[in-house]
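Input: one structure, supplied below.
Residue numbering begins at 1 within each chain, and the chains themselves are lettered A, B and C in the order written.
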């Protein structure tokens, strides 16, 4: 029984070590042969352009997140709808009712989100 | 099959109605609460009037008398949280909080009625996610946001562990049904699966070393949410853990006795129990916030429950189930008192309880009942629960080591409960206190105190039902290898 | 049923008092007095009704309570129980009388007081281990509140220390109870069943650890040396009625339960641990007396004297012969009365008026002239405490010493020394407090005269100890006869 996992263990070890080797070599090369020598002209804009001013961090609009959430829900709903649609003609009425319940639940969620003003950009 | 899930369906419909109400009439808080309670009572009526037993959807929905008792208890706990919600949740989005409580309750009820790994995970998530949101519900409080975030992050990680463990178990045994799993053969990978699954459930029960979320969540979350977390999710978590360990993994229980070690999940549970009892009680000694104190007390009580489970005998099952119900009712009541006091004094630190006996003697008396029951002093239910639990665990005399620890730490725990009661009964109030709290909350707190007293004086009210149905359930799960 | 009425009347009284509105606080005292009198009445009627030629255990009640664990509501009484029940009644009534002046949160005070009384009544009549433990624990929590809220010196610390010690002792008892349930094989908590060797058997190895743990657990409440340090601090911190309760009956809960439960269940363990416990008891007598001799505070003196007297009780228990055991139970009664009386004088009569317990300061107040009744009562109590013939203490201690001579003769030497030291510190306290100065009082404020309730209470207690001293057979006969029952007889060697 142990031999089944022995192979896996070896594989795991190799899998971990294998990518580490080039990374380690790159790091070692950078450390030993190409140390950083920053200079003013090296950091300036490529080809042309204005020098950047101000901090790079732009405040994230949390509203994007809310839209993404609502989108994700309906996207997954669509995923569920697709096989249902494909097999629609062969399914009994009860399946249709069940999926209608599912749809209506999500529609109520959309109505709720709409009424609460989540979909309005503020 | 539809009638099997009738109570849960009724609750979902109620939640949707309340959501609709919240959108159309945001100020109607009492109406929302009333509709929630109405829906809850209808669901309870459905549960009692249509006692269906059976196995539906290949074990995804399994109903038997024990499951029905627990569904009823969880429903009651959800409604209790809904009543206390009016004290603790902010006025904006109030109906949404009720809807979330209902959804969480549905999840917990589904959790008690299943014997399938997939359904377990689904119900667990349905329980947890509303609770994550409820913990963060108070938008004006930084502590609430911290509570919600910590609960969500740690909960998600533990859900990941749980899912990985469940999938490993599925991979080894080839089935998601607990009964089919119990007939599988052992495998080292199964051990990994069991350990990971236990890690996921230990989070739910707040056992060491998966307890880091509990103090911050209990302290920061709105008190009604903390009440639901403390009572409901513990009951559901313990029940499904019992089912999983007995029905599914009974063959690999091992033994946790002193000098009788056998590898399995019982020693793991015993170690977690011992650590929880120690950490929970000792850390609670130095707390100055009552909600945080109740969190550490919850950790300790999780330890006592796991102690009962770790003895891995069928006789301890009625004791564990009895104690978790008693503990849930007591904690829900305690949090109710805290919610009312928070409204009165503006906080839940020890000093906010000063002079409670003078300003609200009835409330102080209820607080006495709840805390003394948690400390395990007769004639209250908490004492009998602990007594029964320890007696049942001692059926295996080699469990003496952990019973000694539990009884010793239980004696220590009286100290911190008395400190809270000292502030309520002995120390004079700092300033004027105007009694607050809606009549419904006060009546509910009193009813819970009476229930704790009644269960302490006549535990047979609950014990007869558990004692009648639990052994039958165990026998039906065909686990002759389980009890030693 | 009459036995159940004792604790039911106490609990009913407590419940009734809690329902009183705020302004009827004075009514609370009367309800408490009525409840206490009712309890005393029931206990006395039961004592008188006890058929001395009939079965050993009478007034039996057995109602199944929790069949899953073999727990039943099983109560009854034999001579020992009845003596302790009468003691409880006396202490309850006099405790209420000596608390007549409590004006701060009266209702809560008497409600807690009656709850303790109810619990104590319950312990003395229980013959089911679980039931006994339930009553035993009911006593713990009200003690904390009574001391912390109505006490005096260092009350919060004293209350917590007392409660934690009590709970620690109870934890030890609970541990053995839980272990014994599984180990006996009888699946019952009925004392008669468990103590019957034919029905329940405890392996000698089990008894070797179970007995000392359970005995010490109970003996913590009895003030066994060296686990006694809660008692002086707690007694001093407590208000008068609670000190009377503590010294009067609560400490007896420990020794009674040790006798009734620990010693009967584990005879083999008792054999092994008998001598060490007897030595600890004797140490309590001597060291308690020595420390009392060094006290400057009158209440501390009385507190340590309680330790010394309880040492006698425990010594008597370990003699394992009729004289010693009978004397031990009589000493429980006797010291209950005398201890109650001593604390009543020190707390209610003296401290409530003079607000000091310092012996030197009190000596300068010429209390014999200002409070003659208090002086008289304290003299009678001291004399009884010293073991003067004519009072109950003499009979009890003499019988214990006789029993000790038969089975533990070497311990008589330190015990005798302890008796002498007891006389010394009692006389010292009496003389220095009341008979120190013959000149006029230096205390300029007039002291309130002794009120009628205090006089009534003092007279009751003094009469009790005198009656028991002059007619000891009234109590000793039932006590000694109860050791003939199969349950208790197995103790005798």
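Everything below uses one rule, namely that a contact is a pair of C-beta atoms (placed from the backbone, for glycine too) under 8 Å apart; a residue touches a chain by one contact, two chains touch by 3 or more.
Everything quoted here is computed from the prediction, not taken from an experiment.
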| item | value |
| --- | --- |
| Innermost chain, taking as reference the mean of every protein Cα atom displayed | B |
| Of all other chains, the one whose Cα centre sits farthest from chain B | C |
| Chain B and chain C, separation of their C-alpha mean positions in angstrom | 42 |
| Chain A and chain B: spacing of chain centres that average the CA atoms, whole Å | 35 |
| Distance from chain C to chain A - Cα centre to Cα centre, in angstrom | 74 |
| Interface hub residues of chain B, defined as touching at least two other chains | none |
| Contact footprint of chain C on chain B as seen in their complex | 318, 357, 365, 368, 372, 377-379, 383-384, 387-388, 390-391, 394-397, 400, 403-404, 407-408, 410-411, 414-415, 418, 421-422, 425-426, 459-460, 463, 467 |
| Touching residues on chain A, where the partner in the complex is chain B | 1, 5, 105, 108, 111-112, 115-116 |
| Touching residues on chain B, where the partner in the complex is chain A | 16, 19-20, 22-24, 187-188 |
| Complex contact set, residues of chain C against chain B | 18, 65-69, 108, 130, 133-135, 137-138, 140-141, 144-145, 148-149, 156, 160, 163-164, 167-168, 170-171, 174-175, 178-179, 181-183 |
